[in-house]
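After this come two complexes, each holding chain A, first together with chain B and then together with chain C.
Let's turn to the complex of A and B:
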């Protein structure tokens, strides 16, 4: 059918190495999500604080993260910071870039979620003697996470897909980087990247299924 | 402190890259939207069961990194089928399908937001399916879908930074070429980021404005 001989066996033999890469990919994605969620909560607090400097800082962060390519942010973390004299390893710059991106997007999603929580609730908490922070922690935050859970899942999927950008700053231990290195050795571009695509697809499906299970357990009304 | 080796020629080089970014974006968003509308309507008309194969294929475009999609398409069309397509056309093709995959969901959401009773009323007034779609569904669905479509178009513009992998020199790639030569990463990246930001930010704001304005009434 095709004037081309597929060499699936050669690609299949490299599966263990690629799965190792997939673990690194997951590691970066999960780390960036955990730090990203914490930073996004912090940014949300900054925006709610009413302090102009903190609010401006948070807004700037969110707008830059949302309005420039993720690849640009990773470049900035790697080459931009190097220009300032701060040399990060590819792993660190990838993590920093994705975390920056995640935090920005999540903060914006949290802001949307906050609109669904009536202002009267934290006020009621305040009148019960809670501090501002307590009212946020015990009344607003749980609902905020619950409402934005689907978007958090989406962002997690994005984080996994974004790890493939690490190769542009010289990362070679994640799934895409490993595949690229193997490709340089064997020139089985199509077969290798098809396998990488399947692995990515499976990872994404596992995340979505996991999120569905978690949401069913956590958010029963 | 503000000495720079950046010459006018380099600036023109960057502008060419920016032009390429916009070119790829406009082509893929335009074609992708048309395809996405077709897919979205098919998805709505066939229902979840019969459109499952189509949705499965479109879901693949959303579950695999764009970088891999580009490499795979380039390798498949180039070395397996030996079509000898240029990187630019491969990039446009992949981004078109990528756009259509997201656009189909947006279109479906828009159509579903139109109350069924309204459409039944249209049909009982003697409108054909096409007339109903054209005069009832389209104006209402557009209101729901346009803000997310703007977000999608901007997303594609940002994602078009990845087409460097099929030898298309767009803005970010030309920036990187200049960084390698001039060794002034901070300045060049700032220019590059400012370009993306200046396009994306006002349009995103406009989308937010539309969303707020149209959701109130």
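Let's turn to the complex of A and C:
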């Protein structure tokens, strides 16, 4: 029953193509995180605003992002929007889907982090003549980012792993997509996907090491 | 000049200020004493508009604090307030804590704001702690930093809300010394305090609050020497 002959050499020859894919994967993950964090801050402001429409919008976003499969979110970004007449490329759909997911999860994490910052902090800022927004920007936000930094790192890891869902909308330039195409050409299934797994693993380790370095520089207090 | 006319303030059904009338002249040091729940701290947060009032009016240099047209952010620049809990910004160094508002609110360039911070921090005896994070400071030092932070906006008025109440007894002195220094420099101050000796020493007038009413106001010798209000007599007897 076990007569598969490993041919690592043949798979290994494809490493450069896979590393190219890995770069695309990183690109999508980083972009989706940068935009995701900014959107999450915006959603957090919406929820703090006391405005029912803005707050409801943000809450709906968070609820969908956290309580439906990421695959569904990427599918909707591609086929759902296409049905409405907005045709996005696989790359754009993947980026949109993951960004939507990131923003939702991060907004919820930010909400938790805010609970750890006493109201007296922005109040002290207000008493010095700052506007609400200034007090948020200069006093609350930096502390919020620090408190939620571990979950931001986690989400970054998820963003990398979620790129593998791109194949379902026709993405073939990321690590998972490239690997799948190579597999179709060579049938070195085990070798190729094992290599892809190792590359994913290394990427995640690099992210964690990077996060550790950043946190040491940024959070000296 | 701070003018308070018939101010009423409630938290829900609970009325904490029941018609306060009070005028504080420029250069005057007024201390406010009274039991907890007497409304004395609430009055301070009403003066700089952090809390709304239900009736009456407060004017600072002719500007009505709670009028709709008043730019509170602007008004607060000239009314410094320091709280019982000093609220150091933990993510900023001592110097950055003091620089933040002058830079962001007044738009003062960084180098100049840094100088202001050094000056104010030296003033309160923290000139050697510029690059330290607040978590490394004692409570007394953090409180003095909060005072420097308020002074960096060069306010015309300073409000102190029980600034020594959360401190260990041995740290109270250093903060009171800072307040004495400010008083001697002619700063207009309203100090809510439980430090009777301090109130007696630095005040031009002392006000006694009891259950939301200003029961008595007089120069310290008179108020402490010959208290008229029976609640004040009781209060002073209890604190001695």
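By definition in this document, the second predicted complex is superposed on the first by the 219 of 221 C-alpha atoms of A that agree within 3 Å, B and C clash if a C-alpha of one lies under 4 Å from a C-alpha of the other, contacts with A are read in each partner's own complex, and residues count from 1 in each chain.
As a convention for this text, a residue touches a chain if its C-beta (ideal position, glycine included) is under 8 Å from a C-beta of that chain, and two chains touch if they have at least 3 such contacts.
Values in this document were obtained by computation on a predicted structure and should not be read as measured data.
Applying the stated clash criterion after superposition on chain A shows that chain B and chain C can sit side by side.
In the superposition on chain A, contact is made by A:205 with chain B only, not with chain C. In the superposed model, A:126 lies in contact with chain C only, and not with chain B.
For chain A, the partner touching the most residues, choosing from chain B and chain C, is B. Of the two partner chains, chain B is the only one that A:190 touches; chain C does not reach it. Of the two partner chains placed by the overlay, only chain C lies in contact with A:220; chain B stays clear of it. Of the two partner chains placed by superposition, A:35 touches none, neither chain B nor chain C. Shared-chain residue A:69: touches chain B; no touch with chain C.
Shared-chain residue A:80: touches chain B; no touch with chain C.
Of all Cα pairs linking chain B with chain C in the superposition, the shortest spans 24 Å. Residues 118, 120-121, 123-131, 134, 138-139, 142-143, 146, 219-221 of chain A touch chain C in their complex.
Here chain C touches chain A in the complex through residues 48, 50, 73-74, 76-77, 80-81, 83, 85, 87, 89-92, 100-101, 104-106, 133-135, 146, 149-150, 153, going by the rule given at the top.
Chain B contributes residues 60, 63-69, 71-72, 75-76, 79-82, 154, 158-159, 161-162, 172, 175-176, 179, 184-186, 189-190, 192-193, 196-197, 200-201, 204 to its touches with chain A in the complex. The part of chain A that touches chain B in the complex is made up of residues 2-4, 63-64, 66-72, 75-76, 79-80, 82-84, 157, 161-162, 164-165, 167, 176, 189-190, 193-194, 196-197, 200-201, 204-205.
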